[in-house]
Amino acid sequence: MIGGKAKIFYLKLSLFALLLLLFLFIIPLSMTLSRALTSAGDVFSSAYTYRVLSFTLFESFLSALISVLLSLPFAYFWSHHKFFMRSFVLSLSTLSFTIPSILVVLGFVIFYGRSGVLSDVLSQLLGREVKVKVLYSFFAIIFAHVYLNLPVAFNLIANGWEKIDPIYEESSYSLGRGKMRTFISVTLPMLKKEILSAFILIFFFCFTSFSIVLVLGGSPKFSTLEVEIYRRVHVSLELDEASAFALFNFLVTLVILLVSGKIGRMGREKRMAGGMAKLEKLEGKKKLVAIALVLLMLLFILPPLLSIPYRSLVDRNGEFSLSSWEKIFSRSQMSVSIVNSLLIALSAALFSAYLGETLALFSARTGSRIVPLFATLPLATGSATLGLGMNIVQRSLMPQSLVASYLMVTLMHLMITIPFSIRTILPGAALLGEEKTLSSYTLGKSYFTTFASIEHPLLSSYRRKAFLFAFALSLGEVNATMTLSSGKVTTLPVLLYNLIGSYDYQGASALGTVLLLLAFMVFFILGAGRKGKADVT
Amino acid sequence: MKKLFFALCVLLLPLSIFAQAESENDGNSVTVYAYDVFTGEWGAGPELIPLFEEETGIKVNLITAGGATEMLSRVIAEGEGTEADVVLGISDDMADKAYDADIFAPYESKYLSEIDDELEFDKEHRLLPFDWGAYAFVFDTESGITPPGSLGDLTKSEYKDNLILVDPRTSDVGLGLLLWSHEVFGDEYLSWWKEVSKNALTIADGWSSAYGLFTEGEAPIVLSYTTSPVYHVMNENSTRYKALVFPEGHHGTIEGIGISKYAKNRENAEAFVDFILSEGQATMAVKNSMYPANGNTELPDAYEYAPLPEKLLRTTDEEMAAKDDMLDSWAEAMI
Amino acid sequence: MLLEIDGIRKSYKDFSLEASFSVEEGEFISILGPSGCGKSTLLALIAGLEKPDAGRVVLDGKEITGMEIQKRGIGIVFQSYALFENMSVGKNITYAMDKKKSGKEKKEGMLALLALVGLKGYEKRNVSSLSGGEAQRVALARSLAAEPRMLLLDEPLSALDAPMRRRLRGKIRDIHDRLGITIIHVTHDREEAYAVSDRMIVMNAGKIEGIGRAEEMYKRPDTPFLASFLGEGTFLSKKSVSEGDGYYFFRPESVLISENEGTDAGSTYLVLKNAKVMGIEFQGSSYSVKLNYNGEMVTALSNTRPRKEYVNLMIMRNFLNIF
């Protein structure tokens, strides 16, 4: 598509990001994996390993599949219609990323639990005791995973769908093809990139999940590979074996990524950059559909989220009390950790969005599929393995200092969020490349001018979305922060875990509420900031 | 580009601010590695450290690397190069790894005389006990069910879905129950687990989520410590939650503090250990929700609600050696 | 000679392209062909969007085959317009101008270009508010703003409706005549090619089928493909008339319908006796008549409606093509 010089330009543009990823990922990983060989034999030959693996694959596959399928009708409606709360709901759905997993579990329990809010409400309504039996089952694992990840699919796919020229669908209708036929044979192939991206992100998110799997699954029968790695790093301190598991995990991941890369290559989609779906104003019956869908989405997103502020204000005896709020705000650490959380999340997300952009452009322009795959590896490798490796790096390469701690935490967050950024921006970068970039070249503009004046501004909506994902993820991150900061960097989630450690779940809920409010504020500011600008691509 | 520059500034700003706070303190100081329970905002650290610094004039450089296991693996990995003078929070259940790596130097503190011999899990005194606890099932008295009287009772069908356990693969508390069951049932421990897991509403990944589920009222019995009711008495003025004492005994866990073999400030380290074993005892116990190791410690009244087990079961050396294999067998049997 | 394409070759998995031709300064050339014939690829090779496997592209006597897109000085207007949504109409145009120009020069130039394409007063407009025709003209103005040596138009009108297409193709020819700029224009619409171009290049399956002036090629197609692709007509096997292999080809308007019996026109005409009228289609100014001659279908264009069932057909030998 473009010449060697252009490729070199994009390589230079993304060089910083590439080297950073290499440093952040390859070095710690190789340090971890170099210890793996001593016990690799046992791990690789145990039937138990494969039993756990098959469940992990099954659970991740199902979670990703259902998330993607469920998101389709919403993504369709959101990408084709204009209505009140449209972008608000899109952003709101990302909020669930902000909460550390223990609070997600708690939010689920408070709302869907046997003595949760839903049970109470139903009991009152029906006049007899009802105990909702949703949790502690395989269904609950999938439910919680879909809950956490539907927003990823929803946002990515709606974003892509907006950019499909309706001309293709219309011409299919004019050929007498029904809606379903058109969707399957025309629309779906054009959405392939977004769907695959969402699928991969969700798959690996669930691949390394274990708190949700263990607590909400209700039985050790449901265990993921991450449980085994975590066990050896955090409980039994068998680092060689942990590394062997990490190696095993890594190889499985690699195979899956390569396979998904192959699927991504089959039949390249063609899509015009010219037209895009016109956002239709709603009238009559469609207005009702919109209201129903918005309500449905809110009903899905909000209950577990709102359970957290609810618990922070109402104690278990049903009495209203502000004491937990007074308690957390009486601490001097509180303001420091708010500042820390915001600073780390903002800088990690900004870098993640910008570096993700350069990597997405590099991948789109050179047709390299390796970069997004490579960048997904940190997500897929799991925080237990990475934390272990990073710790080794930190100790051997960095002096023990506060600056180093901040840097390591921010870098680690950057690495965790960058797969989301690349995959959010990639479809946009690919779309731009078709003709706008080339147009600029034919006008005699240099690669850099084209990047700075055309590509970069036109990718702003993608970048914003990437920023939001990254911000939410980083704000709620706790494992890496605790392991890498030597206790010198206190963020809100760290504080939250401290509180839970000292039995104070109500205080933890208040902290969780603060996290949600912070994320909400940032989303709101960004949302307000975009009104003035023309929407792009 | 401008924005990128801005981003760079945002990243570097906190660094530059805190970089100044990073002053040289190689004068009169001691570096303490501690688990997050101690260093957290609501832990004993923030209360005891200033007190110690004021009394002795020794500056404490406090470092945490997450939980006890992460901390231990870090000290081991650092070896000779470690900055740690003191390491706080190694329990007897994981002490073998520390002995194997030979990273602690013995210290005969004068306060050892005030500590019950039974608690001195390391006779060579490389690790000195500072507090201890016993795993127990905590019971919600408002649930209206009959409390179980023994580990065996928990397998009764009346407790179906009334029980929250903790996974031994991902939590020290869960591991504690695994050892406890082995001490009580011997080689039959796995069949007990198979039975009891049928009654478990869930087997949580850690104590935090298990106890959270319990206080949300999901189930009336949870695996925790005998000392757990103290928090509810002291902070919520509630005696609703009771720790159940079983006649067959309870598995105990003892937490220790040790001085690094490579300590650069040995004298200061000794002062710090002494402080934790004497003056620091009450705060340590309350904040950690444990019993103090030093018998002369005065405790708040709320400790009346932390029943002492009639019999304390301790990890034997054979058990310690077989721990990892037990975990494997557990996983094989349960999954 | 401004542009020379010399033995250029490009192969893909299931398609390959080969072309040689040249373009004179100031010419308006249309590349015409069915979709998938490689005409857009040819354009991409000229503009440098694709690299050829072999052959040379020479502009102004200088080889530019491997040169970067930016340095070629060849403008291109895409079918999808490819306007930059982050800029206003005016900005889109000034963006393309030489950096060295002053702000005032740029503004004046931009206003003049907008006037040239008939969009006076549009400079502040948001590009997403433009209609298809307007967007196409902005794209054209933007390409011109870069002052290219020549301009490539890739199916510029195909996304527009028929009346707008007709209006705009006149506009494009008009701009070409006023500026004297060389244009290569790709289309699959032969009417459009006839209307605007000086010369046409007809392509099929990756090869050039013919190059020439539109009328010439219409009337005297060199190959059966050109004959059928450039307009309606009848292929009549020689066997059905006399002896021999091969076909006669003629356009409907070359056929005279005679209702007199015993027509004999000597050597000027080829006469087909007793053709049966199968169907008559009224087309306004004329009638399209389908006839059966010895079992073969013949199409004729007639100013009057034939009344008899059997007629004689006379085809001037001058307009008869033999394949």
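Each chain carries a letter (A, B and C) given by its place in the written order, and its residues are counted from 1.
We adopt the following convention: contacts are C-beta pairs under 8 Å (C-beta built on N, C-alpha and C of every residue); 3 or more make two chains touch, one makes a residue touch a chain.
No experiment lies behind these values; they were computed from the predicted model shown.
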| item | value |
| --- | --- |
| Graph class of chain-chain contacts, one of line, ring, star, complete, other | line |
| Core chain by centroid distance, with centroids computed from Cα atoms only | A |
| Per Cα centroids, the chain farthest from subunit C | B |
| Centroid spacing, where centroids are CA-atom means, of subunit B and subunit C in whole angstrom | 83 |
| Distance from subunit B to subunit A - Cα centre to Cα centre, in angstrom | 33 |
| CA centroid of subunit A to CA centroid of subunit C, Å | 51 |
| Touching two or more other chains - residue numbers and ranges from subunit B | none |
| Touching two or more other chains - residues of subunit A | none |
| Contacting residues of subunit C [partner subunit A, same complex] | 47-51, 68-76, 78-82, 84-86, 95-96, 126, 128, 142-143, 145-146, 148, 159 |
| Residues of subunit B touching subunit A in the complex | 1, 3-4, 7, 10-11, 13-15, 18-19, 21-22, 34, 36-37, 39-43, 62-67, 69-70, 72-74, 77-78, 83, 94, 97, 167-172, 175, 197, 200-206, 208-213, 215-219, 228, 231-232, 235, 287, 289, 323-324, 327-328, 331-332, 334-335 |
| Partner subunit B, residues of subunit A touching it in the complex | 48, 51-52, 102, 105-106, 109-110, 113-116, 135-136, 210-211, 214-221, 223, 227-228, 230-231, 233-239, 316, 331, 333, 339-340, 343, 346-347, 350-351, 354, 391-392, 395, 400-403, 406-407, 410, 452, 482-483, 486-488, 490, 494-495, 497-505 |
| Residues of subunit A touching subunit C in the complex | 1-3, 5-6, 272-275, 434-436, 438-446, 453-454, 457-458, 460, 534-537 |
